[in-house]
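Labels run A, B, C and D following the written order; every chain starts at residue 1.
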Amino acid sequence: MEDIQNSASKVAMPIDRVGVRDLTLPLIVRDRKAGRQHTMARVELSVDLPAHFKGTHMSRFVEALGDWSEGLDYEAFKNLLTDIIHRLEARRAHAKLTFPFCLRKPSPVSGRKGVMSYDCSVEGELENGELRFTLGVKVPVMTVCPCSKAISVEGAHSQRAVVYIRTRFKGFVWIEDLIEIAEESGSSPVYSLLKREDEKHVTEESFSNPTFVEDVVRNAANGLENHPKIEWYKVDVESFESIHNHCAFASIEKS
Amino acid sequence: MEDIQNSASKVAMPIDRVGVRDLTLPLIVRDRKAGRQHTMARVELSVDLPAHFKGTHMSRFVEALGDWSEGLDYEAFKNLLTDIIHRLEARRAHAKLTFPFCLRKPSPVSGRKGVMSYDCSVEGELENGELRFTLGVKVPVMTVCPCSKAISVEGAHSQRAVVYIRTRFKGFVWIEDLIEIAEESGSSPVYSLLKREDEKHVTEESFSNPTFVEDVVRNAANGLENHPKIEWYKVDVESFESIHNHCAFASIEKS
Amino acid sequence: MEDIQNSASKVAMPIDRVGVRDLTLPLIVRDRKAGRQHTMARVELSVDLPAHFKGTHMSRFVEALGDWSEGLDYEAFKNLLTDIIHRLEARRAHAKLTFPFCLRKPSPVSGRKGVMSYDCSVEGELENGELRFTLGVKVPVMTVCPCSKAISVEGAHSQRAVVYIRTRFKGFVWIEDLIEIAEESGSSPVYSLLKREDEKHVTEESFSNPTFVEDVVRNAANGLENHPKIEWYKVDVESFESIHNHCAFASIEKS
Amino acid sequence: MEDIQNSASKVAMPIDRVGVRDLTLPLIVRDRKAGRQHTMARVELSVDLPAHFKGTHMSRFVEALGDWSEGLDYEAFKNLLTDIIHRLEARRAHAKLTFPFCLRKPSPVSGRKGVMSYDCSVEGELENGELRFTLGVKVPVMTVCPCSKAISVEGAHSQRAVVYIRTRFKGFVWIEDLIEIAEESGSSPVYSLLKREDEKHVTEESFSNPTFVEDVVRNAANGLENHPKIEWYKVDVESFESIHNHCAFASIEKS
């Protein structure tokens, strides 16, 4: 049968990225406490395409995924990208996997454990044997407004905010490390299970530590600056303001 | 050309609803203060299909929309459904339009006006000349947790919640009426523009009126019970808990 | 500490459902071939609340989940609901879990296997010891337009459609059974991995079997009618029309 | 009342962007044929924040929006950003507005008009009096697979794809110009209203002009290269493959 993809392209322009996305795949990721954890990932895979080829062989991305083990770590991820470069005769390959990552987190006073989930991403581009690898995580926190607290006789508005951290680093960094940095950057971490004594604690703690979205993004950036292995980061904080119908946001990228 | 749609169906089953959705259309809706307001609507249109017809003539839905005026009121809406029944030779027609509705709302102390938007819906089914018409609106409010306030030395967690009201009524009801009922059901309304004196007011007011999601849904249902024209309602409240990464919700439907 | 939830409500109305949603949880589901399969579920849990109680004890939902095994089957699901009724002193409990379900599906000619994922849901309401259990699955298929094919010199527009089946049944029904019924209802199943000979087969098969969205919904409903265990179903088909920027849809509910 | 925002920040880091998002606003945009068009926009506004200030005065963004006319053109957009820089005493301001843009588009044979909508965006960053302005539009098209057509006895799979163009340019460019470039880049434009003769035409035209996602992205990039005013562009094409449950995509950015 004719291989249309290998024929010449009418418009001779190189394509930066061509590939597939929105595949769902079972995945096993590393877990600091349990060793490993089963999850489900959304997958995007792509390569560059030189100006003279009409098309990519899209099915080879799915074949590469199928032959790949389900275990995700740095080496396995690099192997997937190397395999894609070979199968698709490309110069450059890119992959992004996003998945929920769960932790059984104890509440602050009663110590009851509840499952918390964090949306994570690993993203990498391989070119000339060099992998540019980015680890990301979205962490919910609670913020209490410092202005509202200072000017009001009683109370202060609080809300959930999401701290979205993306990092590049040397060596190895746990997702859990990034979660900790994010959770320390707001007025309080959030929990899935809180008994009455826990709720009292979270309320009082958060009110003793009010934070603007500006404070949260700086605290997280500062935590990442102080991490010995992290070489680049971008922090985006979005706060679902409880007194408004819009969000406040702030972002810092290490230049 | 062959009219495949009019040929016999292999599986002789009647279809409850068949139609089109995800069309976007400019729309003019009634506004209690300004008279009328321009917005953009998402549209879904459908009819029933008897067992013996293979297919519907989908393009006629879009023709009906095109011939329809952009002005939305009860009569215009009924006319659209009547027209669809005729064009598609149906027994029953259904339409749903969802759109943002904007109000310039003054802040509670300084009186500065900011635009608030509310996601609204009108939905109707016409059969035997009778229109079953439903008006819906999603209204954000603020809630302060009564439990957190009662047990904590200082503060209480607060968050944004959404009150989703759907109603059927006799006569005419303004969207603004439903917004008011919803905004009175939480700890405080929310605003797009709050200066410092307004933020102080909203904080103190909301802390003097703590509400669970259960209180909000009951308050809204009670407000709708007391409205002289409303014959049926369903209220769904969802609260983006600031101490958790999940939502709390509650619903009451008038039986 | 004060138990505000147990205090009297100001508005004495019963609440149909009050609970939590948007929790994410690791889950193990039954798999006809592999025995079991790890996935991640979104969870919603609720109970009724009598008129005289101010609030529900929301943390007990999360405790019930935490004590629940991760293995999902009919008995385990009923146990979760029974446990919730006891913990929350309710009359009625409702739960909904949605999760991706993966199958390694061989392509039709070359037999290469690729992972397909299907969004599934289990939903149940327990009252007076009786569980009303609903199993749902969303299955992508391909449709080729019969009208376009009949009137054109060459070709016909095709597109992806989603067949969303919800069922209640006696005894046990596999998710895989529902997937099969759905996949047989369009012009062709879809696959994640297709080599050139497979693509040729899928193209030719689908063009020899053109289907309107009306055909698909009837074929699926007919398949469910013929299943010996299924007592109730609702089928919703949505087709991402390739010649339009809107969708066509159709639905049949067994009355 | 205390101005907490003006107090010193504990972590002395500059913030790249801090602001508000998810506001909805009525907007009037320029329309090549009708002169102007009413729509609804989602708005995001932000500024930079120096290291020594604790917080931004978020309400000033909403005040700037309120004093802004609803008419969107280049000058008005620049005025909004200039005003924000002054009100917030910032060095740099950024705004992004996204909105549906509607056209009454005639079908190719019968000439019947139906409303098509396109998701558009205007984005700009003002710094040192210089505005970096980006216009974007998402345009649905139809693609027929060249490989499927070449290898099959009959037919070829087709699907809807979205061409997402972002551009920077000198002088003035109509949204309609970008829509035309995108619509010429696939196998066929799509329409909201097609009578039988139109559907025949679209089917036959698209089958005589099969395109991979790679062809579409190159065709659109080529069209933008040939536009005399466009200085920079990025084209992202995503195709909802009808034979798969995943999407194919391709992107080219002018370097």
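The rule we apply is simple: a residue touches a chain if its C-beta (ideal position, glycine included) is under 8 Å from a C-beta of that chain, and two chains touch if they have at least 3 such contacts.
Here the structure is a predicted model, which is why all the values come from computation and not from measurement.
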| item | value |
| --- | --- |
| Chain pair showing more contacts of the two, C-D and A-C | C-D |
| Between chain B and its twin chain D, rotation from the CA superposition, multiple of 5 degrees | 180 |
| Most remote chain, CA-based centroid, reference being chain D | C |
| Between chain A and chain C, centroid-to-centroid distance (C-alpha), Å | 28 |
| Euclidean distance of C-alpha centroids - chain B vs chain C, Å | 25 |
| Inter-chain centre distance, chain C versus chain D - centres from mean C-alpha coordinates, in Å | 34 |
| Of all residues in chain C, the ones touching two or more other chains | 1, 23, 117, 147, 151, 192, 194, 196, 200, 244-246 |
| Residues of chain D that touch chain B when the two form their complex | 1, 3, 23-26, 37-40, 59, 62-63, 65-66, 99-100, 102, 112-115, 117, 192-197, 200 |
| Touching residues (chain side chain B, partner chain C) in the complex | 1-2, 4-5, 9-11, 13-23, 44, 46, 49, 54-56, 58, 146-147, 150-151, 212-215, 217-219, 221-222, 238, 244-253 |
| Chain C-facing residues of chain D, complex | 116-117, 140, 142-144, 147-148, 151-160, 188, 190-192, 194, 196, 199-200, 202-204, 206-208, 240-246 |
